[in-house]
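I've put the structures underneath this note.
Look for subunit A in each of the two complexes below; its partner is subunit B in the first and subunit C in the second.
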Partner chain A sequence: MGYTRVIKLLLLCCVFTFMTTGCWDRKELNEISLISGIAIDKGENKKYKLSAETVNITELSPKTKGGETPSVVYTQEGDTISELVQKMNTGLSRKLILSHMSVVVISEEIAKSSLMEFLDYMDRYREVRNDFNLVVAKGVKAEEILTVLYPFQKISTLKLKVQLNTLQDEWGGDPDVRLKDFIQALVSKGRSPVAVALTVSGTKHIQNSTDIMKHPIPPSLITVPGMAVFDKEKLVGYLPLEGVRVYLWTQNKLRHTSLSVPCSKDKYINVFVYNSSTNVKARGKNDVPHIQLNIKVETILDGTQCGADLSKHSSYVDYERKAADFIRAEVLATIKKVQKDFGTDIFGFGDHMHLQDPAYFHKVSDRWQEAFKKANIEVKVDARIRRSGLDTKSFLQQLPPR
Partner chain B sequence: MRTDFVEKISLSQFFLMIVIFQLGTAIVIGLGQSAKQDAWISVGIATIYGVLLIFAYCFMLSLLPGKGFYELLKIAYGSLLSRILSYFYVLYFLYIAARVTRDFCELLTTAIYPKTPIEIISLSLALMCCYFLYQGIEVIGRSTEILFPYSAAFLILLVIFLFINRSFHSENLRPVLEFGWGPVFQAVFPSMLGFPFGEIVALTTVMVAVTRQDYLTKVGISAVAAAGTILMIFTMINVSVLGVDMIDRVEFPLLSTIRDISIAKFIERLDALVVFVMMLGIWLKVCVFLFAALKGMESITLIPYRNFVFPIGLLVSSISVFIAANFAEHIEEGLVAVPLYLHIPFQIGIPLVTTVILLIKVRRRKGEKKHEGLDNVVQSEN
Partner chain C sequence: MRDLTTWFKAKIRQKQIREERIYSYHSSTEGDKHIHSEVEINKQEIRSIFGNTADLHTIGIRVQGREGMLSYLSSTIDLQMVNQIFMEPLSDLDGTESEIDNDEELERYMQTSFSGKKYVMASTLNQLTWLILSGYVVVCLDGMTRAVALYCPQKSQRAIEEPTTQTVIKGPKEGFTESAEQSITLIRKRIKNPKLRFEPFQLGTETHTSIYLAYIEGIINPAILQEVRKRIQSIHTNAVFDSGMIEEFITDKTMTPFPLVFNTERPDTTAANLISGKAMIIVDGSPFVLSMPATLNDFFQISEDYYQPFMMATFIRFIRYIAFLIALIMPAAYVAIITYHHELLPTPLMISIMAQRESIPFPAVVEVLIMEFTFEILREAGIRMPRAVGMTVSVVGGLVIGQAAVEAGIISSIMVIIVALTAIASFVSPVYSFSMAARLLRFGLVILAASLGLYGVMLGLFFMVGHLNSLRSFGIPYLSPMAPFILEDQKDVILRLPVFSMKKRPTSNQPADVIKQPNAHSPTPPQKEGT
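Entry: the complex of A and B
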């Protein structure tokens, strides 16, 4: 009896050694290196040229930093992104992890020649999350975006992530497009994708150096000129920053912004929008799509150069009307420009049509872009100024007459 | 080796077993993708079918109370034919158990362990299920009761997180019935008849163990209805979070849905919750299918089923790897061949014929009983 018990115990121990080993796929922290961003250019010999920015973690901590470079960028050419990521060790030392990537930069060339197939890999690969910014490098190579360091976040892409999020939150300058949104817009019949555009401003020759972080006026800086407009997978042009704000308005995604509204010749009032909501109505009438945008904004008056008496309700009403007119004009101008210059529905009016007038949309779904071009756009703005800061009357009114 | 003894499970255990059994894989793999944004309507229709089905199974078992599914086959078809039928049922249950194991392995290798060999995952699952089966159906029932609250809490948590994350886009569910009822019914017939609702057929072997047979039908129906409602809600959630195009594209909708959650850059990567929900469902499904198969072998060979547990369990683990060379083959078999050639005959055909035969036999014997005053006719035949 004792004999069998010993055998049973040994067997049990054997089983436990198998069951308690833990994860087969484990990777220790000192075996991996995080990719903070990648840039995709057109290759000279192969299809793509991939630059990956890896983080030198010790340089990011105030305790351990020693003035070395905070990031290492390595570039390779190949036909698929997947292979290039796995092959980065021709130049880099550790296994690369994609899951904390914060920016993917696509070069203008790639976007213009519709080489966006690599997005399939991004959508499919389990390590890639849906939280990185998809950006287009305007007028510069994509890899250049990765090499401009910045004193606060050190690494170019980490700075970009913070910059874009803040820009979107405070002014409405980033269209807030993530991978899944981009793909959703690509496959939808009633929408085309957009992506924020980035460029490098300043002198470029010293950008590839940690010295760049030592100047109070950075010799070169990554700035946001606006937004790239796609016709499905092909880049067709750019919209300026105001266009991004209008885009966010149409998407009901605008959080805050600041408007300079003319009140008389060369005089402006400044209103800060702190709450905004948009409702899109789409109907097909006589074979022409009618789109109605109802925008409601709540604002605070931040400043006036005209000097009206803001203790009176009538001046509020006057300014509200002016602000509404200004917003209407800006929104209409951008939409008209997109209709005329690009002829591609980046606003997703087709998706609204699909929901609100499916019968009409089914008729035109295959040639929706054509229908969008001649769509009738109507914008109704309800702007409210709620309060006017610490002053009621402006001191401009109290100036002694000269 | 333990000898067979009478095992009992309570009504609440039975209820939870049905719910988890139904949710099992279906909640993660997703249902009715071909019906686009109306998938939830398809699930609703399939739920009605599921309710009818479990009513029919309970009715069949209530004809001769206290008899298991295989005993009913014996009574209906006689010794030889019933053995052949039982043999095919055993094969069917083993195959489905292997398919379910494979589903689970595919989820784990895709989502969590890309470098771990699939054999290791399937083997560890199979060993665990074998251990449970060796302990008996009572232990499985009790474990279900203990583990269900976790699964339910995770699902509720998931909905709350999605809500906080503002992931719901109800416009993804519109326009309702865009292409009419056609695609909705096409999604139901035949694929959703077999999976997940038809699979209750394996539970017929467990139903005998339920203590209060008088409530069996009521509890069964309410459990299937509850499971169907949960599936319907989660189908709606998946579509409203991911959108129709993406649902069409992804392998595991619920997994992709949960990856959408990112609250304050802090609560994110909750894949493990979905994997737990699925793991519980898969564990129960494999256990129940294996139990059904083992009971069948018991009724053929008259040897207590516990003798077969480990060899058969290991067999299932290896079959699960061999049945398909890749994931697409596995899914395609599941969508094309299995519903038509396996699910319909084994879930509907044979039970229906059996019920009719039993009904005739029982009626006739009741008549004989009245005229000749015989008792226990049914037992004598047995």
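Entry: the complex of A and C
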């Protein structure tokens, strides 16, 4: 009896130790601020300059908003991002939490001078989720990206999150790179990372103001010019928006896009790609890598300026061939450009080679980037037009002769 | 030390004295005397036993030329019935020649004139007392040492109405009333089977309440039946007013928020339970019939499940299980996520909740506790309030909780949603006593959530499941047929498969006869000729 009683008491004590250790990381919602995005510039005196955008919550709720600024951006310099995040209260009032951060902006300068070590902190720190967009500020300082407000989501970074996701979904304009992907590409022998590039278009003097939300034509706006290409941790250049689409095509990640395919001189057909799949075959032949891309796309004919008779099968065949040629040309052009200008395998063909022809890859793995430059690229496109919208006959065919 | 031992000894002695007094009071031999041959003495004895209570009547009569006495409690008998069936034959025979000279002749006389009617011959005053108390009219005749007791009980009971706590949309609308006899009638009406048994017991040293143990011989497991019997017999109580008082005496474990005995006020549920091999206890004076053994899933099922299409019934069962979980963990999960796990919420929801909580002066856990307590107070007030002022509670309560608190900025509106959803979800369980468990455990989980976050909630749930696993109801594991897992029974736990697929009784009750409807099959439409 006494024995069991002692055990019970001990158990009770154990339970109380649970209780008394609790609460240490308790954070009431009205004692914290969300960081919606951070921007990392090169510091003038120290290694980094960190700008954090914190959310003014009351301004985001339709009930409580009062025309103040929806976000507060604070900047300070230091040698590690971790210290800077903890030290933000030199200027800001509440405890900051990183778990809802949606964008991390890296300045061009940082990216060009290979200062990406801070990613280790991002990867390690438990509060950081793997769902933010890693972006490069092209031609502007990273902190400027955080200060351009937008009337719908109000805060710059929340707008960017929605914008980039939609762009990727609807047209294929965002490479859809997350922190883990970026690090994976950094450590892989057969791949180099990419990141979407952002810039501020419009007049700069007005951007740092809530007035920016009062104009129907925004005086300044964050736009996507393309994507940044890295050679490992060093930024080597940019690809235009079409390049991003090609990148997604090679990654088998393209969801939807829209193509303007020339059908005769200055006339175009417009096809909407709603289903696309890519199969990459990699082989080493005579010490030269051969990469074959088999792209299958299913499309809807969205519009035609040529006015071929769509009740005939032959016109579809013709359009399909033209669309396939167009895609092939675009994909080839971009890959060639990357091979020639950057010489870095952002497409991960090396990874494919590793899986499909490991013997060859092991031979060249240490000089894969060189091998990639010489690689033979072959693109096969199978384009199908499945539907032609609501009309079979275009009104262009029925125009009275002039 | 010595002081302590003497103090203990004194305490024990006090207890002994108290118990002796209790037992001597109940086993008093007063009234155990034989009936005297002189009516006048009997009359005085009865008068002294009952005192001068207003409803005791002792009236002098003449039967067969003999002086006699009629004695009854007007509150327990039906006087009209006495006149119709008993007094008329007695007075009719007054003029005839048959003589009653001794007790044997009295008995023969009673047999001839009251054949088919319920009467008892009593020989001791103690017996007489009980008979008078239980609705008999006692006739003592001069010179006789035995008395005749004629059964004419008063049938004062309310009409059969729809059950108030366990209502259905489709299905029988009868509910038990407080009269045990009527309850038995309602059950017997549904099960026309000679193996249906009602074993009478009498409990309460002061109230002498009749209770009945109902079961179907041949279906119920004899070991369980014996256990139920044993537990009823070992009840020592002075008063029984409701089946709930019996429940606490016979349940396997009282230190648990979960009810280990099922209760119902529906005759159809009772019948279904009997058929599936359970024992039922009917208590006179309570419309709630106890059912045992009970398992956890009994509390998520209702007779209506079987009166509805099986897909609908299965869906509704899902809803009940989910609602129970909501009632249990919703406030705790809210507190945990809001104070510890901000990363679990999508950003837009997070922003919306943060904006609402911006001006709230309390921590989330205090806010939850305030609202939960307010709601519990309102609920209790709503039940106890006189009907006439009931409206006030709902209006004031609704206003206070819903609007004023939010507008005053004390409570966030998402909190109102959480509490309201929790409250509604806790009413989903078909058995009221079961939702109590969720109500009690909810507070514990909220405290755990506030101190340890979701880790604490998980700990609490682990403890709860462990506790549930340790529970037994009359030897049957409380979580069966989930743990131990019985595949055969899964047809009727979370799912409710079509009735014809259940050819066996649920084995979690360990019935003596497992086969239920071996030839049941699904309906087949008539085949067209030539196909």
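In this section, the second predicted complex is superposed on the first by the 379 of 402 C-alpha atoms of A that agree within 3 Å, B and C clash if a C-alpha of one lies under 4 Å from a C-alpha of the other, contacts with A are read in each partner's own complex, and residues count from 1 in each chain.
Note that a contact is a pair of C-beta atoms (placed from the backbone, for glycine too) under 8 Å apart; a residue touches a chain by one contact, two chains touch by 3 or more.
Everything numeric here is computed off the predicted structure, so don't read it as measured data.
In the superposed model, A:82 lies in contact with neither subunit B nor subunit C. Applying the stated contact rule after C-alpha superposition, one finds that A:258 touches neither subunit B nor subunit C.
By the document's definition of touching, of the two partners only subunit B reaches A:130; subunit C does not. When the two complexes are overlaid on their common chain A, residue A:305 makes contact with neither subunit B nor subunit C.
Touch criterion met: A:63 reaches subunit C, while subunit B stays clear of it. Subunit A is touched at more residues by one of its partners, and among subunit B and subunit C that partner is C.
After overlaying the two complexes on the shared chain, residue contacts for A:23 are found with subunit B and with subunit C alike.
When the two complexes are overlaid on their common chain A, residue A:275 makes contact with neither subunit B nor subunit C. Judged by the touch definition given at the top, the superposed model places A:180 against subunit B, while subunit C stays out of reach. 18-19, 23, 25, 129 are the residues of subunit A that lie in the contact sets of both subunit B and subunit C, per the superposition on chain A. Within the complex, the subunit B residues that touch subunit A are 110-116, 120, 124, 127, 171, 174-175, 178, 243, 245-246, 249, 259-260, 262. Note for the complex: subunit A touches subunit C at residues 18-19, 22-23, 25-30, 32, 34, 36, 55, 57-58, 60-61, 63-64, 97, 99-100, 102, 127, 129, 158, 161. Across the complex, subunit A is touched by residues 338-340, 342-343, 347, 350-360, 363-364, 450-453, 456, 459 of subunit C.
Residues of subunit A that touch subunit B in their complex: 15, 18-19, 23-25, 123, 126, 129-131, 180, 183-184, 187-188, 354-355, 358.
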